[in-house]
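One chain, subunit A, links the two complexes that follow: it is found with subunit B in the first and with subunit C in the second.
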Partner chain A sequence: MPPSATNLTNDEQMLLVNESLNTIRQQTIQMKKLLDVKGKSMESLKPASTLLSELRTSNLSPKNYYELYVSIYDSLEYLGNYLKDNYPSKNLSNLYELVQYAGNIIPRLYLMITVGTVFMSVPDAPVKEIMKDMIEMCRGVQHPIRGLFLRYYLSQRTKNLLPIFNDPANGTLQDSVNFIITNFIEMNKLWVRLQHQGHSKERKKRISERQELQILVGSNLVRLSQLEGVDKHYYKETILPAILEQIIQCRDMIAQEYLFDVIIQVFPDEFHLYTLRELLDSTISLIPQVSLKKILITLLERLTTYIDRESLDGIQALTINGKTDDEEGVEGDETAEKTHNKKILEKAEEKEATVTEGTATEESKTQTKDENIDVEALFNIFYSHFIKLNKVRPDLTIDDITALYYSLSKLSLSYYPDNFENVDLIYSETLNRYNELKDTVESSNALTEENLKNILLLPLNFSSLVSNDVSKKEKLNLKLLLNLKNYQSLLSAQSSKVQVSISNEILKTLLSNKFKLENEEQIEKVFQVLDSIISNKETITVAQDLKVEEINKRSENAGGEVNEYPYETSVKQENLAKLFHLIYNSNPIAHSKLLSTAQAFVSQKKNKLTKFLYPSLIFDYLKLIKRLHFRIGKVSQKSMNFSPELKSELIASYELELKSVFQKVSKLADELYNQGELELSLKLLISISETSNAIGNNGFTNEFFIKIYSIYEEMISSKQQYQIIMQLISTLITFYKSFQNGTNSDKENYDLLITKAVLYSARLLKKPDQCRAVFSASHLWFQSTVLASTDPSAPSTDASAEENDNKRILECLQKSLRIADSCIESSVTVELFVEILNECIYYYIHSNFIDANYINNLIELIKTNLSEVDDLPIKHFKRTCEYIARQKEIDERFQLVRY
Partner chain B sequence: MSSRKKTLLKVIVLGDSGVGKTSLMQQFVNGKFSHQYKATIGADFLTKELNIDDKNVTIQLWDTAGQERFQSLGVAFYRGADCCVLVYDVTNAKSFEHLGFWKDEFLIQANIKNPNSFPFVVLGNKIDIDESKRTVANKKAMQWCEEKGNIPYFETSAKEAVNIDQAFDIVARNAFQQELENEAEFNEDYSDAINIQLDGDQGGCAC
Partner chain C sequence: MSLFFKAPLDIEVRLSGEDTRKHVEVKNKNGRKEKLPLYEDGESVKGQVTIRVKDGRRVEHLGIKIQLIGTIDTNNDGLNFDNFLYLVQELSAPAELNHPENYSFEFKNVEKQFESYRGTNVRLRYYLKCIVLRKSADVIREKELWVYAKQNPPDTPTTVKMDVGIEDCLHIEFEYSKSRYSLKDVIVGRIYFLLVRLKIKHMELSLIRRETVGSGANQISDSQTLVRFEIMDGAPVRGETIPIRLFLRGYDLTPTFRDVNKKFSTRTFLSLVLIDEDARRYFKQSEIILYRD
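And then the complex of A and B:
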């Protein structure tokens, strides 16, 4: 007979299986029938033996063989139950002998076990001897698959019959343990031997067969873990050494990996904590082909989930107490303490209990948090083991190592959420090992990269790791990040791609959580971590990847302007820009320092990305200026209980800071200007001037506007200029009040500023732009009139000044009419006329310096030109006329207007 | 039928790893609960003698490994099952979502002839855990069971022995019903091989 399983295809095997199942069914019916006939029960052994013969086959794969086994198990279960209920127990001894006369070894031993286990179950049976006899007899089958299933049957049938009390006559717990371990050793030998039989080309098939069979071998370890009366001491002294010895001795990769997995899974966590050193040490003796990574991570993960399960139980213990005793429930901490004390007491009791007394029935009482040092030393035991591995297993790859360290850091954070040194140690060691091994093939593979990423994202995933609470996911634990001294070095050692992806994750989380950055330390750490984005490493990588042509193509697509950065970059930089908004300190001076610190990180990079970042920084500075200004106002209030000295000191310091912040923003705008970002810098200066105007600093406002004009003069594109001049005019209009309230020189300065604005308006390149800018600029002189009528506190202007202003307005309107008239296209001219008409109507409503005649003339002028123009101006004109009609209803003066 | 011929009911317990299958069975069979977590590998059964309407039955509860890697020999032991218990953990939404998978898997692998009438029972375990941790609402589970053909549903705690006996009583009864049907079918198939007369002679001589 060939030792390995069959060469038949699965379909062919299925035919055999079905045939056998039929035979088994028929013989089972036969057996049951005979069992029911009084006095014929012995004859039932014949069909039983016949059906068992089906298990003699060598033609089936383990899975198919298992089909027969399951079916036969049911039949034998029936037989066993029948014998137990109906067979005189005094005769079982004879029957046990009798069935062993069966001709073939497989049926013989299955029947022996069936009767033997029934025999064991009756009172006063020589349990120990039966066990010994059965286990010895099973040696008779050395065919791996058949032997494994036979011994599995032995294990299943004896399950609830093994002695657990120390009754020397009928067997002791030790006998049971020996019985199972012997069976385990024999099964493992059969299982390993299968690997070395048959042709070498069938190696793959044998591996898959062995993997199918593994469960049979592992079931012995399950039995051991189910034995009542085994505590961790007994496990450590007796069980673990025996099974480890066999596992190490067999020197078989599949067996070693699988059986370690099983040990870790089937024995309780408490046992593992108690035997951690032994378990770890034994892994060193495994053959090199075994994946230590797999084994150690299984162990680490099991122990990590243990603490989670424990904390869940802890919560429950607390709530249960709270329910039964409300008073205790109020003081939660005390309750917890009491529970804890109770646990310690119970542990002490447990310690006294010995194996021989059997803590069996007390299993549920076994307390969870161990009194021994291992929970405390858990991290160190693993860590020193990993260090040891460096020496004894130099063949471990960087992929293995990083995966192990990631698992260890998860364990550490679960057990000791406040201990950051452990994690820092891992970072440092990971970095060392990474540097040593970074030139190996594995260093750049996806797995290694993933592991390193996971390690680096720990401060982000920390909460979800520790509490297992999904809702807490993705919150940055800044405390952890700040305490990791080696974080930055490990991060910097990564490829740009990894760095950028980590930085982005962290940035995203910071923003979505609206995390406040309140001190220098936090800002430094965060900006360091984000360095890869600030330095724009990604674009550099992208640029290296893309061909030059493609980059050029991109810039062409961006509307002719040279756009160095792809859209994605600006999105990412936008996120980075938002980061400045997270900076906050209740003390405005401290806040200012924080902003400067952040600014330094960005400025020192000297890359052109500042154009994405400075605007938001400038706006944060401007916000700060308003805060400082508000503070000064508040401190000056009499109600504040400051001494005069302190008051003036505070005000002085705030004013000094305010001034320095203005200098900073002005410098930032300059920098942008120097980078060629004229329009951006100009627009920012407008915002700056608005702020300085809002806090009433006309000097600054004036200076900023002079700066604005000088930049404006350099700008070439007319379209930009028009938009900017309109913005300038509208900004200047808002400044009117503060300048008129100011000194004489303020008034003069303002006059210069607005005159200049009209001058620029008239100098625009395109006529329509000129025209519109000029009539818009006319409003610059109209403020006094408006303010006088709406705001009683407005500066009273003397009549001559007002007359002067009105004259300027009319001048502007005249000029714009002239410009409109000089346009070549009549449609454009008429459109501009209609717009000027609207301006005139506005002035007519709000003041008196324009009379109805002026308007009527303009309307006539438009009408005469109307025939030659297209739709748009006509429509606009009609709407204007409708407006006049409505004004007639509410304003008598409009009766004079004709259209 | 001879009274000494005890009916054997085969019940398969399925569900994700860690939902408490082993604990439920231990509580039902031995009245015990252990805090210690031991993963189940392969398949293993516990038996318990029960009395259903004055009939003695033996219920054979098959505990299974929730983790696939521990089920290397396949699931031939599903065959001949009389009832299937689907377990999930009320604090673990995934384990609830997987119930459908386990149900279908069972029906296919066990080669059930009438999938629509085969008895299932669903257990939502770990209700002892604080309500705030619960992620699967009672209503949601009830609805699922209703949609799948009015599967009986129980919320249980293996730890505090809540609803265990009630749940397994229904399991046993439904399994018993199924077993009677199976037997009738079996007897039909092999009617000529069985002489029912013989059974009667032996009646009443069991102790």
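And then the complex of A and C:
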């Protein structure tokens, strides 16, 4: 029969379990009955022993065995309580002997422990000897599972009975500690032994069995941590060395990993801080299969959260912010001390001297805090340990190393939020290690990548680590970023994929926090960090990915326009473009400089991204122009506090800046133009001209428009041309006012511009486009009339000029009619006619240079052609007629119109 | 005999202070338990014999006497009796009885050098025998006593250490606190496992009483396991120490007798038994001296 459970299936085991449970139940009833009969209470030991024999089975898995254990525990507890209440305590020692006659060791020891613990609980019992005896006799059970449960029973039963006072007669704390540690050592041995018994093919099963049993072993450590009266010195001197020795000696992976974890979890943080060196040193002696990463990270995380938990408890010894609020009395002192501590943290060099002082005051107040020396050195301890690890454990893989460094940096940031040197150190070390291990398999696996990403994203996540204070969030993360000298080098060591994802992450955060970039340093850092997306590393990789996709999609896309950038990429570019909007400085001139700095970063790259970035940059410049303009206005208006010289100086500098910004903007547009982005460049120029118009600089406007025309002439696609012409016309219309208010040369320029526009309209390729452009252009001459009617203060144009304009309008209309007529398809012709009719009606309503006859003729013309056309123009015509009918009701002039 | 002729007399032997005397429970041949009054070496045996006449008849006798006999019964070579103690007292000269009569007796400071014993092939017993002599059949009444012979510890205690094993398979060392134990004692010891290549399932300790009767060609021995006591469950590994503790008080053990009246001996062996997973047993026996104090 194999020593560990069993080849039985779980169902078979369940049958056994149920049988055993039945027996246990019956024997328990029997036992209780006998206990109630006077004078026969001793006979109750017999059923007790019988029910305990059920625990002798070898056929159950740990889980099923546990079921029996639980049931039996209850029975024995009943027995124990009965004995405690009813049995004369002076006879307990006899009873303790009596139960040892049981022939089988399992029932014997369970009974012994039951009676022994009852005995321990009575006054004046030889507690120490009983403890010693029980723990010694338990050695008789060498079967792993049975032994573990037996010793667990011992541990459970003695839980509240172990002496914690130093009473040499009845046992001391030392005895209790030895007791638990001995039990722990023996249990661990049994537990480890389980691994080495039975067939090697059942290894997996045994591992899972062991995991089911681990909590039994760990419970001893929990018990140790619950012992009252253990202070950290005692822990360091006595408890920890004993535990560690056993853990190291057992040379078993599961045990070492699990037990370290338990140590870290169950003992108080103060203990860990106090024994950190010992704990770390011992990890070196663990067997190589143990994941140091797991252990160390658990420890790091425990200590990291410690600082948070501490601050929740209100014992803030090391606070994140050294604010000296005006608190009173004791609290005031405390804050002062906080500041003091913080200073210590910052002054890394002069530590030694000040620390002792700081600790002294601390100690006097909260005794739990006297481990400050360790807190100070915490980072260094870990760091030097990691360095040591590199030497003694060359087998550590880069994914483990990076994970460790990530945790360490979190710890550092929690404890020393203002100490960036630590983190920087980690960055440089990480980089070193990464370079050393670059060629290993692990260096490119997902884990490593993930860890490195985490490390690099620290500046983003760290604020949430340290404090929940939202207001502080923004400042911290950039400050950290700015202070990490090695950030950039570590970042650029990564694969472009990683770089891009980090950059994107940072970018997203910056945007979502509406973080303001206020000085050049910040801009430089940010743009450096985002270098990977700016220099378009992603599109390279994306393009590679795309190739594959394209092959798949070729059939679908064959005819369609192939988009250069996939949708997702352009979203990312959009984010990047948004970045410019974050740049802000209250001083417009400084702001302009910042924008130039940013621009420099983008321009260097000279890649296609500019197409996405420049527009946004240009609009930022334009916004800046408006601000400058506004400033100028403000300064010149209410400038009582400025001396006139200063005032003019200011204005001059603003004007100068304004000019240079315009130059920059136009240069940007030129660059786009040079890159072949004609349409984009043209449209941007339109926006620029609008801005220059808005601030009343006709000269600039004119020039920009000339540029626009010159670009326009190079454009080939008629579709684009038509739309641009329309846009130009509408833009020009809005410029009318400022040009008319300007100098004579401005007016002339304007005339030139609009004439040119009409000329372009007439030169469009397609007839309908021509026609529509021309009649739209007619409005260019209609401005004076409109202004006169809407704005009485508008400059009165002389009648001749107006007549001249009206003539021009009529010419345009005539021309468009001709063009429409020359169209071959009658439907198109009629549609265009109807559209012209609408224009005429508009003019008819707003002025009187068109008479009703003109309209009637046009209507007649349409009607004659109506028979040969399809629905669309007919409907349009009908609607127009309906409109005329309605107009008749409100405008008697329309009575003259017939249809 | 008494089946055919009902004895006309009733004899009752009463020991003085019998109610308060300590009794010992012993199993008789039929396996039933009986209680016998306990005496020690050198203790006087006294009491009273009451003789009643049945049915108011008158009975003549040739005298009444009481004997105290110590005897060893063996059956190794046919049934054999050997009295090592024989004391007798006259209670009455020949007379006629017609009413109940009491007679006191006393054997002063009787030397009882051996302890009572009931074994498989031998028993050693003490009894009082009251005889009413008659012309026809005598009327006899017996009453058994139990004797504990206390001894001084035979020698000074020494620890017993032994080193046993099977080559390349098992090597253990065991240690008992001493080689002789009083019957109320505790055997304490430990077992060190120096090499374990067997798949041990459990280990037990047993106490075996060996009774030897006679000598030479007629000698017969009989062994009986009195105690079985599991001391280890499961397989130990190298370096383990298993504690031994066995209370003797609760068991029915016999002190070590050597050549009691050149008739028989009883010895006790402590046996350590290892049982492996294939139910093979490996054992090592060593004698322990038991004595009564």
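Assume the second predicted complex is superposed on the first by the 801 of 899 C-alpha atoms of A that agree within 3 Å, B and C clash if a C-alpha of one lies under 4 Å from a C-alpha of the other, contacts with A are read in each partner's own complex, and residues count from 1 in each chain.
To be clear about the criterion, contacts are C-beta pairs under 8 Å (C-beta built on N, C-alpha and C of every residue); 3 or more make two chains touch, one makes a residue touch a chain.
For clarity, every value in this text was computed on a predicted model and none was experimentally measured.
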Task: subunit A as common anchor, with subunit B and subunit C clashing or fitting - done: fit
Open item on the list: Once chain A of both complexes is superposed, is A:N10 in touch with subunit B (first), subunit C (second), both, or neither?
Closed with: neither
- [ ] Name the chain, either subunit B or subunit C, that contacts more residues of subunit A.
- [x] B
TODO: Using the superposition on chain A described above, determine whether A:T440 touches subunit B (first), subunit C (second), both, or neither.
DONE: neither
TODO: Treating the CA centre of subunit A as the corner point, state the angle out to subunit B and subunit C, nearest 10°.
DONE: 30
Task: First, second, both or neither for A:R193, with subunit B first and subunit C second - done: second
- [ ] Classify the contacts of A:G147 with the two partner chains as first (subunit B alone), second (subunit C alone), both, or neither.
- [x] second
TODO: Please indicate which partner A:R139 is in contact with in the superposed arrangement: first for subunit B, second for subunit C, both, or neither.
DONE: second
TODO: Check the residue A:G103 against both partner chains and state whether it touches subunit B (first), subunit C (second), both, or neither.
DONE: second
Task: Nearest-approach distance, in Å, of subunit C Cα atoms to those of subunit B in the combined model - done: 20
Task: Touch list for subunit A against partner subunit B, complex - done: 26, 29-30, 33, 36-38, 62-63, 66-67, 69-71, 74, 77-78, 81, 85-86, 159, 211-216, 218-219, 222, 225-226, 262, 265-270, 306, 309, 312-313, 315-316, 319, 363-364, 366, 368
Open item on the list: Considering only the defined contacts, which subunit C positions touch subunit A in the complex?
Closed with: 199, 201-202, 228-237, 240-243, 245, 247, 250, 277
Task: Of all residues in subunit B, those that touch subunit A in their complex - done: 2, 4-6, 8, 32-42, 44, 58, 70-74, 76-77, 79-80, 128-130, 133, 190, 193-195, 198-199, 201-202, 206
- [ ] Would you pull the subunit A residues touching subunit C in the complex into a rising list?
- [x] 1, 3, 56, 97-98, 100-101, 103-106, 108, 136-137, 139-144, 146-147, 189, 193, 197
